[in-house]
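Sharing a structure below in structure tokens format, with a few things to ask.
Chain nomenclature is as follows: A, B, C and D, assigned in order of appearance, with residue numbering initiated at 1 for each chain independently.
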Amino acid sequence: MIEMQQVKKTYPNGVTALNGIDINIDPGEFVYLVGQSGAGKSTFIKLIFREEMASSGQIRVNNKDLLEMKWRDVPLLRREIGVVYQDFKLLPKMTVYENVAFALEVVEESPRQIRKRVMEVLDQVGLKNKARFIPDELSGGEQQRVAIARAMANYPKLLIADEPTGNLDPDTSWEIMKILEEINGTGTTIIMATHSKEIVNTIKRRVIAIEGGLIVRDQHRGEYGYEV
Amino acid sequence: MAMKFRTLKRHFKEGLKNSWRNSWMTLASVAAVTTTLILVAVFLALVLNLNYIASGLEEDVQIKVLVDQTANEEEIEELGEALDGLDNVESVVFSSRDEELQDLMTSMGEQGEAWGLFEQDNPLNDAFVVTAEEPQDTVAIADVIIEDFDYVDRVNYGQDVVQNLFTFNNYARIVGAVLIVALVFTAIFLISNTIKITIIARRKEIEIMKLVGATNWFIRWPFFVEGLLLGILGSILPIAVLFTGYYYIDQNMGAVNQFDFIQLLPFTPFVWQLAGLILLIGAVIGVWGSVMSVRKFLKV
Amino acid sequence: MAMKFRTLKRHFKEGLKNSWRNSWMTLASVAAVTTTLILVAVFLALVLNLNYIASGLEEDVQIKVLVDQTANEEEIEELGEALDGLDNVESVVFSSRDEELQDLMTSMGEQGEAWGLFEQDNPLNDAFVVTAEEPQDTVAIADVIIEDFDYVDRVNYGQDVVQNLFTFNNYARIVGAVLIVALVFTAIFLISNTIKITIIARRKEIEIMKLVGATNWFIRWPFFVEGLLLGILGSILPIAVLFTGYYYIDQNMGAVNQFDFIQLLPFTPFVWQLAGLILLIGAVIGVWGSVMSVRKFLKV
Amino acid sequence: MIEMQQVKKTYPNGVTALNGIDINIDPGEFVYLVGQSGAGKSTFIKLIFREEMASSGQIRVNNKDLLEMKWRDVPLLRREIGVVYQDFKLLPKMTVYENVAFALEVVEESPRQIRKRVMEVLDQVGLKNKARFIPDELSGGEQQRVAIARAMANYPKLLIADEPTGNLDPDTSWEIMKILEEINGTGTTIIMATHSKEIVNTIKRRVIAIEGGLIVRDQHRGEYGYEV
């Protein structure tokens, strides 16, 4: 699903966030991404759906070479990937419903299909009754759940979540984890950046630890931790 | 770019919704478009009418060919026919020396009557009044008449005044045309600049749409619709002002009787054409400004 | 509002920094201010000069008082003194009947010479040429002369033409004034509207500042500075255009010799005054637009 | 420090977020605010520095009646309170340094004093070397730490933090908690909304649990939990 070879990322301001990443993630895997604040987790994630371009190295996602890819083809790549952004990135003028529907409209789904699916995912994250609200009228955790709903609406082959439980209480967090596990069960690859020791140590999956722009640990059914 | 019909429908709905969602910005943009187009409308109506009035003045210009007093009737007739045969001449009218004196006296008003005493000893010439097809040709025709015709005593067309009138009108036309072009470009710039600012304010939204997998065209279409709506909404008031204002002035111009000599462009079709132009400018610039401004935020 | 000097310094620095931080918006706003003010500058220069030219034409208007042919020299002299004593009269010049005929002949050009034969039998009157202090008073003075004076045969001031000229000029002045006022208001509106849009785009920032404990004045001051900068930057190009453009036209007007009769307003002080006005409009509207637009987001 | 009596908050869209809150928080206390996503924690916090106005009831903060307070006096109230917002609320065009300095500029601190204090707090949250970056160039956790630095820069009498460790790894979280405890040691009242069971159960303080707009538990040296 994802292959990276010697991937480096230096931001325009000179900060090198990733400094030689080699990794292989197979279809259907469930991967935790752990690491200190500023380690490079979000940068790693942004490279996968080409929000950012790698400065050097090789990235293949879904057998597409991201560095050779034409601008035109980027939307097609993104439609196969559902992303929960660390800062949510909801469209502020649209209602919760419209935000989620947007992800289905871009693939020209039929309106009836859209209506059905949107209410379905909103129900899953417990926000069916807030469909007509705009993001500013929601609590932090509710906004985060809208972002989760949008990411999974389109049955993506790959679902990337950047700290999807950062603003959620433990109960809601576990519900979200249950949903992610279910989705993973249908064959969707999942990559999740997280700071939650409890989740990583309870639901044991592959753990990739990033530290100072390098992968310092890559362990199947691993424990939380990012020390070398 | 092949697109399902329901997607097109979606884009139109979305464009209208967006105008509503950003109602503050929409209002401000429409206000800017409105003021700018009112400016264009008023100015265009003014300059085009001034041009029309100037043309009217030029129409009145005639060449008076004074016939040599030694010419006999046959020769005068020949001269008349020859003048008639000239290129670009619209009409040639004969005016006898007696008629000329009468005209002169009339034109001098009360003071002229004092000259009535001298009717028996009329010092004036017979004359042909020549009107050019194109007023602009007057001077050229007059020159030809002086050079090539016999029995012509003098040619009179108010040389100084007419020359001045034409030169002045030509300069005024150039200035008017330059101002119109400049104003229209200014309007285009102001409108698209305003739209650009509103879209800079929405760059984050555009970026998010791209990140969710929208193609450039998918994002552009609602902006296209928004721009169109903006342009159309912004044209309504200018067109209304144009219609009522022009109607009012057209009506009252007749009442102010000192201005018989000023003839405005007729309401129909002039106002309709101008209204069409205003709407066109609004709509085209609205769409163009929107779509162009979006462009630079699509590279995400 | 008592403020430490270092805080004032901070606000100026912050205002300049903000213009730089929002460079896109600043650029777009300055562009809008620039175009609008160029429009105002060009239009003001045009209308004020037209008014000046029209006033020039009016200056030439004179009243010709034709003296009754039965009046003797003493009576003529009395009349002259009486005319001189009238209110609002600038000058009274005597012109004998012989001078009058000479003038008439000259003004009629070649055709006039034919009338030279009748010099011995001059049908014209002696005349006084009266010039009003204010051209606008001409008609009133003429009426007084007709009613109250003896030995006046007729009074001549090109009644129809002069009446038309004054009426036309008055209407033109009203139209010009209305257009100027409308244009200036349009400019004010367009500029403040543009600024408003840029500030709507920054409402979130203003809200955050309030939440961190900033007072309304603390937030307003940098916007004040930004608005001032915007207005001043936006005035530079219009003023440059005004200076070079006016200089160029002023120079070349003399060269186009047909237009001797057109006299432009003198470069100094006219252009300087206009430039000052432009700068004033830019700065005042910049500041006013900024501070006003911020206001509605301060209620947090 | 804070007294609330029968405080209700209904948002313009009709949602009642708080439905009769009675509470007393004394100067110098350290209070955890816990509750499910959407329970009303952030709303409770927003009432204290008058980001939102209560719909009915009585609120006194620092002996000031917030409902009678004039608009003019609101900035003075806010200057006594440091707030870490759940969504950070950093000024996007300003650098990290300028963001923190802003909170000191509003009280017309001397430039030299500002320079010293800003670098001090940035050092405390571990971002001294990112002072010249703008928020967009920071990771989620780094942005959160800037927000923390800004909140404490002005030595506020009351420091309110809305999930200040939501985007932080455990190590950094503990460091932040250490700072908060230190500040609390100097007499500053601290209110902290959190979802971290680990933190609440390790550093035992007063726990106020909100559920459905009501206080369902108020316990000194309590455990994490929001069930009735």
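The rule is short, and it goes like this: a contact is a pair of C-beta atoms (placed from the backbone, for glycine too) under 8 Å apart; a residue touches a chain by one contact, two chains touch by 3 or more.
Remember, it's a predicted structure, so these values are computed and weren't measured experimentally.
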Length of the line joining the C-alpha centres of subunit B and subunit C, rounded to whole Å: 24
Subunit A and subunit B: spacing of chain centres that average the CA atoms, whole Å: 62
Separation of mean Cα positions, subunit D and subunit B [Å, integer]: 67
For subunit C, residues contacting two or more additional chains: none
Interface hub residues of subunit D, defined as touching at least two other chains: none
Contact graph of the chains (line, ring, star, complete, other): ring
Inter-chain touch pairs (all): A-B, A-D, B-C, C-D
Subunit A residues touching subunit B - in the complex, by the definition given at the top: 49, 51, 71-72, 74-76, 78-79, 83, 85, 89-94, 102-103, 105-108, 110-111, 150, 154
Parts of subunit C lying in touch with subunit D, wherever the complex brings them together: 4, 6-7, 10, 18, 21-22, 205, 208-215, 218, 299-300
Contact footprint of subunit A on subunit D as seen in their complex: 11, 13, 15, 34-38, 41-42, 86-87, 133, 137-142, 144-145, 162-163, 166-173, 195, 197-198, 226
For the subunit C and subunit B complex, residues of the former touching the latter: 24-25, 28-29, 31-32, 35-36, 38-39, 42, 110-111, 114-115, 117-118, 123-124, 154, 156, 163-164, 167-168, 171, 179, 182-183, 186, 189-190, 193-194, 196-198, 200-201, 256, 258-259
